[in-house]
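Given below, in the form of structure tokens, are the structures.
Look for chain A in each of the two complexes below; its partner is chain B in the first and chain C in the second.
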Partner chain A sequence: MEIMKLKQFAGFSAPAIVLMVGLLVIPLGATLTWSFQNVPVGQPGVFNGLANYAEIFTSPRFGEAAGFTIVYTLVITVLKVVIGFGLALMLHRLPKGRMVILGLLMAAYVVPTVIGALNFSWLFNDIFGGPVNRLLEVFGLHIGWLTETGPARVLVGLHAIWHETPFVILVLLAGLQTLPEEPMEAAHLDGANWWQRQRYLVIPMLGPLFTFVGLISVMDSLKVFDSIRIITPAAESVGTESLMTYVYSVALGESYRLGVASAVNVATIVLTLVLLIPFLRSTWKGARSV
Partner chain B sequence: MTTLGLTRRTRRSTIALRPTAIARNRKNLWVSWGIGAVLALFAAISLAPFIWAMLTAVKPFRQAFTNPPTWAFTPEAGSFVDLWRGTEFAAVLGNTFVVAICTVIVALLVGAPAAYAFARYAGVVGPILLVLAVILRTIPRFAVILPFYEAAKAVGLYDTNIALVAALVAVNMPFTLILLVGFFREIPIELDEAAMIDGCSRFGAFRRVIIPVMGPGLVTAGVFTLLLAFQEYVVALTLTQNAAVTIPVFIAAQKGADDVSTYQSLAAASVALVIPVVLIVFFARRYLVAGIGGGAVKG
Partner chain C sequence: MNSPAAPLTRRRMRRPARLAGVTGLLLTATLALTACGAGADVNVGGVECDIEMPETATTVNLLSYNSPSTDPFSNAVANGCTTGDLTVNAPATDFGGQNQRAVQSMSGSSASYDLIEVYGTVYPLYADRGWISPLDDLIAERGDDLDLDDIDPALMEQLQYDGQQVGIPTFWGTIIFVYRQDIFDDLGLEVPTTFDEMIAASETITAETGMANPLALPFNPAGDVSTAYNQILTSLGGTWYDGDTATPTLDSPESVQALEELVTIFGAMSDQALTFSSPEVITQLQTGQAAMSMLFSGRMSALLDADQTDYSGDFGFAVPPAVEEGGLYATSLSVDGLAIAENSEVDKDLLFDLIGVATGKAASAEAAGATIPSRTTEAQAAELPFEPAAREVLESGQPMGLPHVPWMSDVYAVMAPIFGAVVTGEITAEEGATQAQAAAVTAIAAAGYAE
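And now, the complex of A and B:
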């Protein structure tokens, strides 16, 4: 009796499974089909083989968007984990006011991305007095954050770090608080210094959490869209076009070519899965072992 | 989490009683002050965009756009009045709340029983579905939403709250499930057994015994779903035009106009939205921390 029967399992999970099949899997199937079709909006698609894929893989614009998105993903994932772990360790050491500081840091994460990106980009906007450029003037610098390719790319990355690092802090801090105290003290008495304790005790014990935040970061960064649309609306000419802003332009912005947009979506899914194979393997093992 | 913190604190004080530890303790005090200062600096940087937006919102029009910035000014509420009277903001905000709350209700009604089944069923179906949910979570919004857009147009649901809620429940369902499964796993299976020995059916045990003890887990999943629905941009951008527009779409459209005259009302809108969101999170922070520590991670 304690083990749930298949019939009961089906009964409980049916609504969610029907919903996910109907509203996620079937649309996904449509995207896959469309990627092999020429699909004008509002009309059924016509099979055109691999023409969409041939088009995107020979398009320099796609190449640039893919290159930017991959570099962006890898760089900010590493930076977020490093900075987030550093801040989590500091918060963990803080004897008082931990929740207050954590709450203040969380504001950047919980505010809707569109609003956060808008407010963040204003700090770099000279129309508003550009506080960041005012500070940089001390070093004799003036940077066209919103118009020059290099600085605009850095700005998009800085926004991601500002917006998403609090999540990393939250997860790693929660992990630090559940670590057992005894091995730390034992290592301390045995003469292990602070670095050695982090390297050989804390980081391995938090391993699954690093995997988790890495997984979330890779998945979300490859799909970056909201912040780029707000910070650099003319992403293509500024050089900050991501895979998803490219999809939007092709499908609903400058043209209505759902087939080509679907091919980009499929390519993005394949890319995501390739980058996630190690993570998925550990999720599978974790689920099996329970 | 509170209890953990307490035990740690008492333990620390027992360490401090050892004579060799006293010198270390004094050094620790300095380190703590340094750490506090660094963290306060990070918190200030992290809040700077919001502080700047607030200053922009309350500055008189002429002083808001000077370079170098004006620091001495008399605050005005004009931009808030303009926002409320001169734009669709109030209506859009109301609609966004309706959409977000409906999304939470549907997501929990559909998600909670399924998550319970995933947590309890011993077969291999559960893990497979969970991995599937993780994969679905990785799919770009557009891969689901573009076909959704075509379908909604075909059946006349484009630009309606119904299509928007359906899409939001669907795209967030894998996340809701992962979160809830983690919570259900924490509930001892003996509770189910006891309820069923006392004569409850499986569904009765779920409804009368498990759901009541799941309160905090449901609140956590609900708050997360609410925040996700509230801030969703891609889905709302694709599926709405006028009638069902939500706050992120409204803000982006105003920004897109790139007209200096709208900047102050945008700043006012930012302030008007940041404050309630931060308050929700501040008061629900225990639930959110529990969600990340106990649910999402183990899922």
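And now, the complex of A and C:
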């Protein structure tokens, strides 16, 4: 095999490196710098040490936003993987119509988040008919989906599951269809029941894919923004404020406190890395075992 | 067990390949869908552009959020004046994006946008930072050409800062009372002049017609509840600040009373009222779920369109009630206009000419179908049913609208959650007033305007 020369390698990789530096490294550097500055709107920043970090870490609002985001991320990731795997298994066993059903499921994923979130929220909004509310009324239930903290959080979570689970289904279904049949047949002959085959064969063999969808889900959930802005615009009051909606409010929506917003972003990056450690370890182990 | 490593047969490869195909199609569709509208320019309409054209190729960028009220003015100059060496762009943007782009453009050394849409809560900051040009000299030289005398001085005053004119008004609106005149007539109800009368009318309609929640006001804690607070505070004679200083007075007796009134009025509406912004209220009026409200006059056109509602001929419009008998109208004034970015490299005379076209008679006449243009002649010629009520409020001369101070948007933004907590009973009105005062002091300090 011919080995690529250094010049060729540099020539091919230079555009990507330039883009990475321009779109990733420089903004990251600016964010880190601003997190130690007071940056009023349209004015140069002034170094203020750890004041921004002190402000956010003593702010109940930041604490609530961080707490909500972490719980949301963990719960939604687990639910998406569990539901996605379950539906992928069911689709895998379907003799006919699998692609049609998968296509219908993917519609929720393809719809732009803003449009999907708006339509989804109308299902629970009396002003726009609220068919779900009408159904619940039959059972004597009246739930303030858009005004009460608990139901509003559930609603935001339901939207995430509805919108994002199809991606998990797609990936895991593809994985299921690539599994070798021989180990399954052997396990079956050895007397392993369905649960045991899933537990000891299917799930371990799909391990890298579970890691992949989990990693994607954690990153997506930590930056949840647009659906919350649409479903619960008054997120702070309703209790559905995430770290990203908080950053938006501080940096752009309310006032241009870019220093404080940058500190929140740095904290979010650290949080993201911490939550990704199990997935990164799994990926690392998988890479070493090859 | 390790991940699957057995060689795949051709048969086994088919399904994943099909899946990959479906995935590819879906990704393509996603890209196609998300690309729709990206970079689309506003490009309809247009009026005669009778100005002195530049001798060299010149591009002017106008930044204005898209709405039925703003588009006619933007379109007039973008389409009408793009000719020869002059190109005028009016890129599409939303309300939130407009302010972000404006700040980024004007705070830099060179301008991305030369003409900027301005309104009450943002222009004082722009003017205070020197981002928009004073127009007094240009008005003195060539104001007659623009026939600015046809714009109510009260509107011109709304775009002044520190005694200087920094913008030319395009359109305006006040909060007025809208009601189902057919229902009021059937039940023999008078248009309310106080909040008590408004609540009593609501109760009568419920009792007589079965309508569950006849009264619907924008009350969303994302910001609308702050507008409602401002209406009530103004009606009670209260103020946000101590005179022209940056010292807030949100713990005043009037402020406490305003918060108590918010609680009272919330109790007269649906328990979902905290989700109501103007579109939700409009929908309720259009569908017959509500029979009265207080809204900015610029929103009323949607109620007069027979394609949007079966009740288009049944709405009446009046000045808004006062909170108490003999009090001021519970209203607010909003004025939009155009300003020149100070860091623009385009000739200021040309930009002033373009403002003249955008705010001219032809553009105003075109806009009058959707909003109240600043030019009195065109506004009244359109015979909009809601215009007399809005003008009566404007000409009352009472204080209205938010104070024109550069820190107003910072203070305004942090109020809504506190007011929302008062409305839902999480905290008392007194506690709310105390928290609002503290939050305002902090916001002013963070914005760099502490006294």
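Basically, the second predicted complex is superposed on the first by the 279 of 290 C-alpha atoms of A that agree within 3 Å, B and C clash if a C-alpha of one lies under 4 Å from a C-alpha of the other, contacts with A are read in each partner's own complex, and residues count from 1 in each chain.
Here is the rule we use: contacts are C-beta pairs under 8 Å (C-beta built on N, C-alpha and C of every residue); 3 or more make two chains touch, one makes a residue touch a chain.
Keep in mind it's a predicted model, so treat the numbers as computed, not measured.
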When chain B and chain C are modelled together on chain A, clash or fit: clash
Partner chain in contact with A:Leu252 - chain B first, chain C second, else both or neither: both
Contacts of A:Leu6 with chain B and chain C, given as first, second, both or neither: first
Chain B versus chain C as contact partner of A:Ile70, first or second or both or neither: neither
Partner chain(s) touched by A:Pro233 [first = chain B, second = chain C, both, neither]: both
Partner chain in contact with A:Pro208 - chain B first, chain C second, else both or neither: both
Touching partner for A:Leu170 - first (chain B), second (chain C), both, neither: both
Touched partner set for A:Thr272, first chain B, second chain C, both or neither: first
Which of chain B and chain C A:Pro40 touches, first, second, both or neither: second
Touched partner set for A:Gly144, first chain B, second chain C, both or neither: second
Clashing chain C stretch [against chain B; choices 44-52, 80-88 or 98-106]: 98-106
Chain C-contacting residues of chain A that also contact chain B: 41-42, 99, 102-103, 106, 110-112, 126-128, 170, 174, 177-178, 208, 233, 252
Chain C - residues contacting chain A, complex: 1-4, 6, 8, 12, 15-16, 18-20, 22-23, 26, 29-30, 33-34, 96, 100, 103, 106-107, 125, 129, 131, 220-222, 270-272, 274-277, 280, 283-284, 289, 409-410, 413-414, 416-417, 420-421, 424, 443, 446-448
Interface residues, chain A side, partner chain B - complex: 1-4, 6, 8-9, 11-13, 15-17, 19-20, 23-24, 26-28, 30-31, 34, 41-42, 87, 90-91, 93-95, 97, 99, 101-108, 110-116, 118-120, 122-123, 126-131, 134, 162, 166-167, 170-171, 174-175, 177-178, 181, 185, 208-209, 212, 219, 222-223, 225-226, 229-230, 233, 243-244, 247-248, 251-252, 258, 261-262, 265-266, 268-269, 272-273, 276, 280, 283-284, 287-288, 290
Chain A residues touching chain C - in the complex, by the definition given at the top: 40-43, 99, 102-103, 106, 109-112, 125-128, 144, 146-147, 170, 173-174, 177-180, 182-183, 200-201, 204-208, 233-234, 236-238, 249, 252-257, 286, 289
Complex contact set, residues of chain B against chain A: 1, 4-5, 8, 11, 15, 31-32, 35-36, 38-40, 42-43, 46-50, 52-53, 56, 64-70, 109-111, 113-118, 120-123, 125-127, 129-131, 133-151, 153, 166-167, 169-171, 173-174, 177, 185, 189, 192-193, 196, 202-203, 206, 227, 230-231, 233-234, 238, 247-248, 251-252, 255-256, 258, 260, 263, 266-267, 269-270, 273-274, 277-278, 280-282, 285, 288-289, 292-293, 296-297
